[in-house]
Each structure stands twice: as C-alpha cells, then as structure tokens.
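Please read the structure below before turning to the comments.
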C-alpha cells in the first residue's frame, strides 16, 4: 500500500521545497535575479517570469517548467503525492558506479525532486484527478525504473478510484544507465494505461518540451486526448539522429507541436497561460453531471 | 573490409575450411586413406573456433547479432509447416521490413510477425535494413488484433537496429505507431511468444517483444539503445561503443537474470549461422513448448500473468532500496 | 453569374430588400410616418418570396442544399454552449473538411462531428469543398470511438457533395476509411443523432449518418449519388441532372417516407439562410429532444434498435414482392 | 425463415442453369464458340477458356466470371442457396418505370441470376462456409435492396451457424435506380458484418474486377483478410470521376490489385487458378483442430 503525503500546503504556487525546484533556470549563484529569453533575448526579472508561468512576457517563449511549479500552476491546491518512497539506485551496477549515483544525487539536490516524475492526486477546477508531472531537469526527464513504477502506481490507483488521469510528459526517452530495465518501463506503463482505459476512464496527456523516445512511444501517445504546449518539441527519434541519417538539416518547424497538429498526431496546441482553463474544460466533459 | 569484427575474424578460418574441403574431395576421389589428416585438421579447426569464438564479450555479441549470415526472421518462418503472408496496414503502405501472416507451426495455427532485414544491399534497401516505419508497426498491430480476434497465438521474431528514424516516419507518428503496438500486445487475448533472434534495438524492438514467453538466442543482444547511440548520448563519443556495450547489460545472460528474458537458446560455437538449421529447429521447438504450456491457461489468467510479469520489472519494495523484480 | 439557380432567383429580391431598408432608415430619421408604405412593401416582398420559393422542386432543393449562405456545420456547432475542437487521425494529417470535438449542448456533454465546407474560395480550398479525405473519415472514427469510450452521445452534421475523389484518397484507402466509419457508428455504445443540414452526398455522407435518430432539414437533399453523377452514369448525359434529381427521391419528404429519415426540420420560406438563427435553434432543440429520449434506453436495447432500424431498410417479405420497410 | 434450395447438383462445374450464366462472354449468337482476349488479342476456344477458369491461356488475363462458374470453381460440390426468394422490384417507381424493371428482366434472362449476388452455404476444401458471390453481369454488380438483404441474411445465418463467411465482391457501387434504399444497404451490410465479427468469426473477402463505390466502402473493406484477384480494379471513386477531377490521365496501374497491395490496402493478390487452394489454406488456420 502506498503511503500518502501532502507536499503542497496552500493554494498559491508552492514555495516550500526551496530554490532547487527552479533548477536549470537558476544559475549556480542563487543571487541571480534575471533570466534571458533564449528566443527573443529579452532579460526578464525572475519574479515576473514566474508570475507569467515561465513564459517570456515579450515573445511568449515557454521556458521548461519544474514539476513543482507545474503542479502549482495546474492543481487547485493540495497535491497528495504517492510513490515518493520509491527512489532510484543503480540496478545495472553502471560500471564506474559512482558516476550514475552521483548524477542522481546531484539532480536530487538541484531539483528538489527524488525522480523524474512526481505523481499524486489533486483537483483541477474542482475535478478530482490523478496527476503525474515529469520534469526535464531531473536526468533530462528520462524514464527509469522509478519513473515507470510511479506512473504505473498512479494509473492503478486512478483506476481504483475511477478518476481521470492527467500526465504532463517531458522526456529525453528511456534512461541509458538503467539499461533494459528502463526500456521495460515502456511495456509496464503501457500495460497500466491499457487496463486503465479498458474501464472507460479518461486519460489526458500534455506534451511539454521535449517529449521524445520511449515516453512518447508508450503511455504518452496512448492518451484519449493529447494536448501539446506551444512550440514543444515532440517526436520519436532525436533531431540529431534524423539529421545524421538523412545527411541534411531539418527545418526548424520539424517535430514542433504545431507541426504535429498539422500532421494529425495530436488534438490541440495550447499556450501555457491557457492550459489550466483548457484542462478544466476538457475534464468537464466527462465529469459533468447529467442535465436535469 | 567489413565493419563486423566477427566477419573479420572468420576470414582466418576460411583458408582452413578450404583445405579441409579439398582434402575431403581428394579423399573421396582416390583410394588413399586421408581420414587421419582430415581429423587432425578438423580438430585444429575446432580449437581455433573455440579460441576465436568460445567466450564472446558483449561487444563481440553485438557484432554477432549483426552478422550478415545470421538467420533472419524469414529463415525461421520458412521452417514452419506452412506460411501465408498477409500484407499492409490497410491505410497507406505495405512495409517490407515487417513480414507477417498465418502460419502452421508443428500443426498449430499461429500468427507470425517478424522484423526482416536483407542479406544484401538491394534487399536491405527494400527492407530498410529491418527498421520498420510506422506503417510496419501498424501492420504489426493489425495482425496482432486479427490474431486476437481469430484466437490464434502470436509468435514474433525480433531483429532490428530500431525503428526507422527518417522524416516521413516522424511525419506519420512513429511514436503513436509503436505505442499502439505495445498496447495491442499487452491486451491481445491469445498466448504470445517472442524470440529475439538478432539485434533487439530499443523501443523499435520492444514493439514486437511484449510476450508471455520471451526467448533469446545466446548471442543476440537486446538493449535500451545501440551501444553507439548510448555512447554518443552519454559521452558524446560513439567510439566508446565497446564500453557502452559492456555497461548496457545487453546479453542474454544479463537479461535472463533481470527477468526480461525467459529462456535462452544456445548457439553453436561461432554463432547461429554455423548451424542455422539446428538453431532454427531448437528455437521452433522451444516456441512450441511455450505455446503448449500457455495455451492451457484460461485467457483471463494468461492476461493477468502477462500484466504481472511486466508489472514486476523494476518494482520496488517500499521499505528498501533494492529491486524485487531483477530476475527469478 | 452563379451556377446556383436559387442564388440567381434571389437577385430579383435584392432590389426590394434595398428599398425596404432605405424606407426604414428614412422613417427612423424623420418624423414622417411611413409604416404603411413599409408594410405594403413587406407584404409584396412576402408574396414574391412565396412565389419564388414556396414550393421547391427536387432540383431546386438540390441548389438550396448547396446555397453558399446555407448554415454550415460550424454555424450549428457555434451555437452549442461550448465546443473544444479535437484534431487529427493520429496517423497522417488533420483533415479540415471534418470538424469535431467535445461540446456541451443544452448542458449535455457530447461529441460533435461535422463535415465542413467553406464560404469562400480560400476556405473552400482549405476545407476541400467539404469533401473528406480518408484522414477525415479516420478522424471521424477516432472521435466516435473516443465518444463511445467516454460514454458521450454523438451528434453529427452532414453536409458534403461526397468523399474526396482525388488520387491520394484512393492511395490512402478511402474505401477502408469509410467502411470503418460505418462499422464504428454501427457499434458505438452511445446514442447517435445525425442531422442532414446541407447536401448528403452518397457514401461520403452516410459515413457520418448512421444514427439512432436522423434529422433532415426540409430543403436538404440526401442521395445515392449527385443528380449530375447519376445522370452521367445512367444516361451518359450530365445535363439530365434535373430529371435525375426528380427520380432519385432525394428530398426530406421522400426519405421520411422510406424510413431513412426520422424527423424533418422545417425551413423558412426561401431557405434556412433566411433565418439561420431560428433554424439552428430548432435543430439543436430537436437534437436534444432525441438525445433525451435515447439516453433513457439501456445500451443493449439502443444497439438492438439501431441494428433493427437499418436491418429493416429494404427488407422483403418472402411471400410477396412488396418491401416491408419503405416507410409507412 | 429462409427456405433452402440446392442449385448445384454434382461436384463438377454446374451446367444446370443454361447458357445464360455465361452472359457477357457469350455473344447473342449462342453458336459463337470463340472469345477474344481483350489484353493479348488471342482468340480462345470457349471450352478451353472455361476449363482454365476464364483465364486467358496465353497471357493470364482474368475474364469476368459469372457467379455460377465462380461457385463451381470454388465450392467442393453442393451449394445450398438462401435468399433466392427475395427479388427486386422498383421501390422508387423509377419514373418511366418500365425501363428499370425491363433492365432487371433482361439481366435475369441473360445471366440466369435473380439478382447481383448469389448467397448460400457450401464447403471449400471440406470447410463449411457461408458463401456470397456477386456477379458483374447483373446490373454491373450494383448493390440494391435485394443484394444488401441477401448478404445480410447470409451473415446472420453464418453467425448463427458459427462458420466463416467468404464473399466474392464485384460491383460498380450502389444501384442508382433504387436511390437511398440502395445506399442504405451499405449501412445494413456493415452492421451485419460488425455483429458477425464481434463474435470472433472469420470474414474473408475476395475482390474481383471491378469492386468500387458502395460495396468497396462497406462490407468488402471490413474483412479480416482481403484477397484480390490479379489485375482486378478496386477503388472507391471511379477512374473517370477522378480523371475529371484532376484533369489528367491516370496511370494504368492505378487502382489495380497490385497497386493496392503496395499501398497496404489488401492482404494478397492471387491468380484465379490458385484461388481455391489459397482459400482452403486460409480457412485452415481458423478451422484447424488443436494439435494433440
């Protein structure tokens, strides 16, 4: 039986887990108060950026968001985490063992996360949901054993409770250092999704930048409805791999959310600032009471 | 010069093989008894073979799995009692890197699906080096659904570097195609046996490898990424592929230990291609034995066990940091 | 000059409409009472309207159904309480000639799917004149399956000349795409209401029109082939389209009589576009009334009745040559 | 309850229904003993042609086959027809009423058929099957009310008996003269196929020259396995319609069975002379007893 633990107290954006959670955007020096937009070059005051959901106030560029900030921006209030007692070790004994464990340790400290996904229960616009959020700042959002195990637990528990499941994907694919046990998480999460969906439950996935490889090709593309954040890169093969294969440069638009929409692969592209509203609307269709 | 270190190593044996063949021919043509010379040469040949191939490193197995003479999916399928190929994804294209259809195996009707590479450049171009496009995975899903509908067990042969990484594969939603395969195999209401007979490359291999019983040839490999890809990703240095091969735990023994593979099919010294007929026969016998066992299970139990099998991989006990699902 | 005989006929009314509008404006701007003149003109206008459009022949209805100002699927969908469009077939392309998504209709969550033509050349090019490609039909099937999975009733709007007859549509198995739609709608485990709001052209229309309750606008048409196509096929003479229109029994009244259509939505004299808001409102009311009734049925009964409904069409009694299912 | 009636007595190619059944290939003059191959121009002795299953002995061209000849070439022996009591009239009162009824009458006389499909039960290689065979010689194989009704009856009865259903399609589409009642046969047959397949029954379709329009786009493309005869033209839209739309000539290969195989639309292309063997093999996979 999983043990429940609330990680977020109030209904405002949680600040309880320390600076670590804004990992990649925060330079080593905590005093840095400014971020530069990689798209338009605008220098943004970090508090303004955070207030704007990590979207450039000038050009709309979507910075990669931490799992904690994501939950704060989407959930109504409390988020009750499950599976947080499950943490990674080094199953393969990745030769020079220190390096992988050291990387895990470093990412844990920098991100405030124990793994690349945070799973739990919350409400969104009043609708109770199972909510999983991946974070690219932890090992590039790669799916290791713990990632797969947590997502599977989430789906199993959502099935038991008969609530919709919403997962935010962000992933570089399967995690190399856990070898085939990482790849097998594709099988495991897919099987869990299949069981969840067999009973007419609603599965909604939000693809965020980037979602590729083993995560894209397993539970993410099984969803009933697939939403992608503006300009998010989504694909199976990495851009570099494709360019090496075809020996030419790919257009910038290739593998963006907008490209996928045109190719029929996803249901909609949404600006992060409208994302919560969109999710509430979508959830409303299946949670709506019969008209009287 | 071949890129394949096993092929390179075999070149030294060719001279010896030629001499033994000559001696045999001569012996047959004249009354002179040369059996002693032949026996001596054959013993020497056996010794060299053992020396060269007796104990293969992971990196050597990677090359063995890619050996151009290694039996391919169709080499196995051709030894079924009967095979009627079915084509197409019903939407866009027939992808020749996937072959599949109805088959009889030891009198048992099954659906067989395999990844098919070519033996020469021309066939490799046609078969896209055994790397399926979304159309190939959609053909796979279609045939697996058809098998489930008609209550035919599914037998798959896995042999791919990975899913095709081209532009049109991305345009045609490769991720969705593979995810749908995984979902279809997870829920197919018939026994599934998968055999990793060559290279098992990443998600593109897994798409055909969710099964109730997974066989793996002794020198096949099955990994989260190719060693070259892994080295490039982790160390930005593809030349460290040999090191990556060792670390990835991609051999049959490793994967048997982790519970990813259920049974290993032994290969003759020097690899499956040195006695393909025997390897194919033993593989098909093992497939049939597994099907016999699985067919006896009620379908709900079969599905429950399949779920639990993958559910266990990477499962953790809440109190400790040790995995419970790494083997047995 | 327009190809549309209704549009041509309306041109005569434009002058009268302009004069009434001028009089109204003048009347508002000055103290003079011109209500008598206005009333007289309006009566005359009404008389002409009745004369021109009071009783439409099948051929005139064909043109009314194609009228560029006739409300399109999105005109109906935009009057739902809420609409969230979903895109794509998950494989190749989002086909803009099909629009679909979640919607709220009188507080009831539904899946709505419609064929969408354009109002002008640019939009018509984008929407392929409302003629869906296989990708559009596959989007339709996907959304219908999703609705069945999520237990949302399905509401469709039919308005198409027919399925796209282009090269790539044939290459992408248009037949399979339409057949899959028919199968999906036949088996969807939720109530389905279809509204024929414009042209219902052949199998490409039927693909969205298998429903528990079929509504049809008074001047819409729904036929086995376009009158032009029919005339070309039967008499190798497309100019006999008017004759074909009469013979094909493509009007709402005919189809109600045959049992193909369950309910007719009346249109104002001159066609739906003369009071689009009212037509749309009454159509949506009728959809809701049907959904209310259908939602009360247990799903097995719903499916049984749907099967019987189509089963009856064209059924014959063994002893006679008269059809039993042609309306009543 | 349908009434059973055997139309074919022995196991040889039935000759019982008179000359009519070789309708189109037979010129008005019954004495004509020769047919000319439209592809290679070879003049063929009709008895040789019949013995070769209406395939040109020189170039392999497949002549369009009558339903009776088809059944004789595929079924082991007896064919027990169902639905033959159901015959067409003129439901729309097709204005100049005579013309449609006269056409029906003419086709009945010429073809020996009462409608464009012949349905019944037979064995193929010993496997009991429900067998439907369309005939292009009757109203261009168009699907009218009776066609749909008979196919539906066949599928319902096959479902009751739990035997595979094999249908040979040959059709110019829905029949104009029966209007929407013809189009509705797409809905009706599709619903019947769906019910038949829901219970894990095997549905096999053979596409013969030509299969287009409403028949292609309903029951034919729902089959578990789709076989096409060599060079058969198969598609949704007619070739002329497409050429008028795109304003250019289509390649000869377009819409042939071989083209469809490459495009992934069908399972296999088979020469008529190997068709029975192929069907027996295919049926064997689902009718085979468990090995002991």
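So that you can tell them apart, the chains are marked A, B, C and D in the order they are listed, and the count of residues begins at 1 in each.
Keep this in mind: contacts are C-beta pairs under 8 Å (C-beta built on N, C-alpha and C of every residue); 3 or more make two chains touch, one makes a residue touch a chain.
Just so it is clear, the structure is predicted and the values come from calculations on it, not from any experiment.
Asks: Going by C-alpha centroids, which chain is farthest from subunit C? Tell me that one.
Replies: B
Asks: Hey, which pair has more contacts between C-betas, B-D or C-D?
Replies: The greater number of contacts lies at C-D.
Asks: Between subunit B and subunit C, what is the separation of their C-alpha centroids in Å?
Replies: Computed value for the inter-centroid distance: 54 Å.
Asks: Can you work out the whole-Å distance between the CA centroids of subunit B and subunit D?
Replies: The mean C-alpha positions of subunit B and subunit D differ by 42 Å.
Asks: Please report how many Å separate the Cα centroid of subunit C from that of subunit D, as a whole number.
Replies: Those two chain centres are 33 Å apart.
Asks: Any chance you could list the residues of subunit B touching two or more other chains?
Replies: In subunit B, residues 90-92, 171-173, 176 touch at least two other chains, as defined above.
Asks: Enumerate the residues of subunit A that touch no fewer than two other chains.
Replies: Within subunit A, the residues that touch at least two other chains are 221, 263-265.
Asks: Is the way these chains touch best called a line, a ring, a star, complete, or other?
Replies: other
Asks: For each chain, which other chains does it touch, given as pairs?
Replies: So the chains that touch one another pair up as A-B, A-C, B-C, B-D, C-D.
Asks: Taking the complex as given, what residues does subunit A use to touch subunit B?
Replies: Touch list, subunit A to subunit B: 2-3, 85-87, 89, 91-92, 94-95, 144-146, 148-149, 152, 174-188, 190-195, 198, 213-214, 216-222, 234-237, 241-242, 245-246, 250, 254-255, 260, 263-265.
Asks: For subunit A, which residues count as touching subunit C in their complex?
Replies: Interface residues on the subunit A side: 197, 200, 202, 221, 224-225, 261-268, 278, 281-282, 284-286, 288, 290-291.
Asks: In their complex, what parts of subunit B are in touch with subunit A?
Replies: Contacts found on subunit B: 163, 165-167, 169-176, 178-180, 182-183, 186-187, 202-203, 206-207, 210, 222-225, 229-230, 233-234, 243, 246-250, 254-255, 258, 260, 306-307, 310-311, 313-316, 318, 321-323, 326.
Asks: Which of the residues in subunit C end up touching subunit A in this complex?
Replies: 82, 84-95, 102, 104, 106-109, 135, 139, 146, 149-152, 295
Asks: Tell me, which parts of subunit C touch subunit B in their complex?
Replies: The touching residues are 90-92, 134, 138, 171-173, 176-177.
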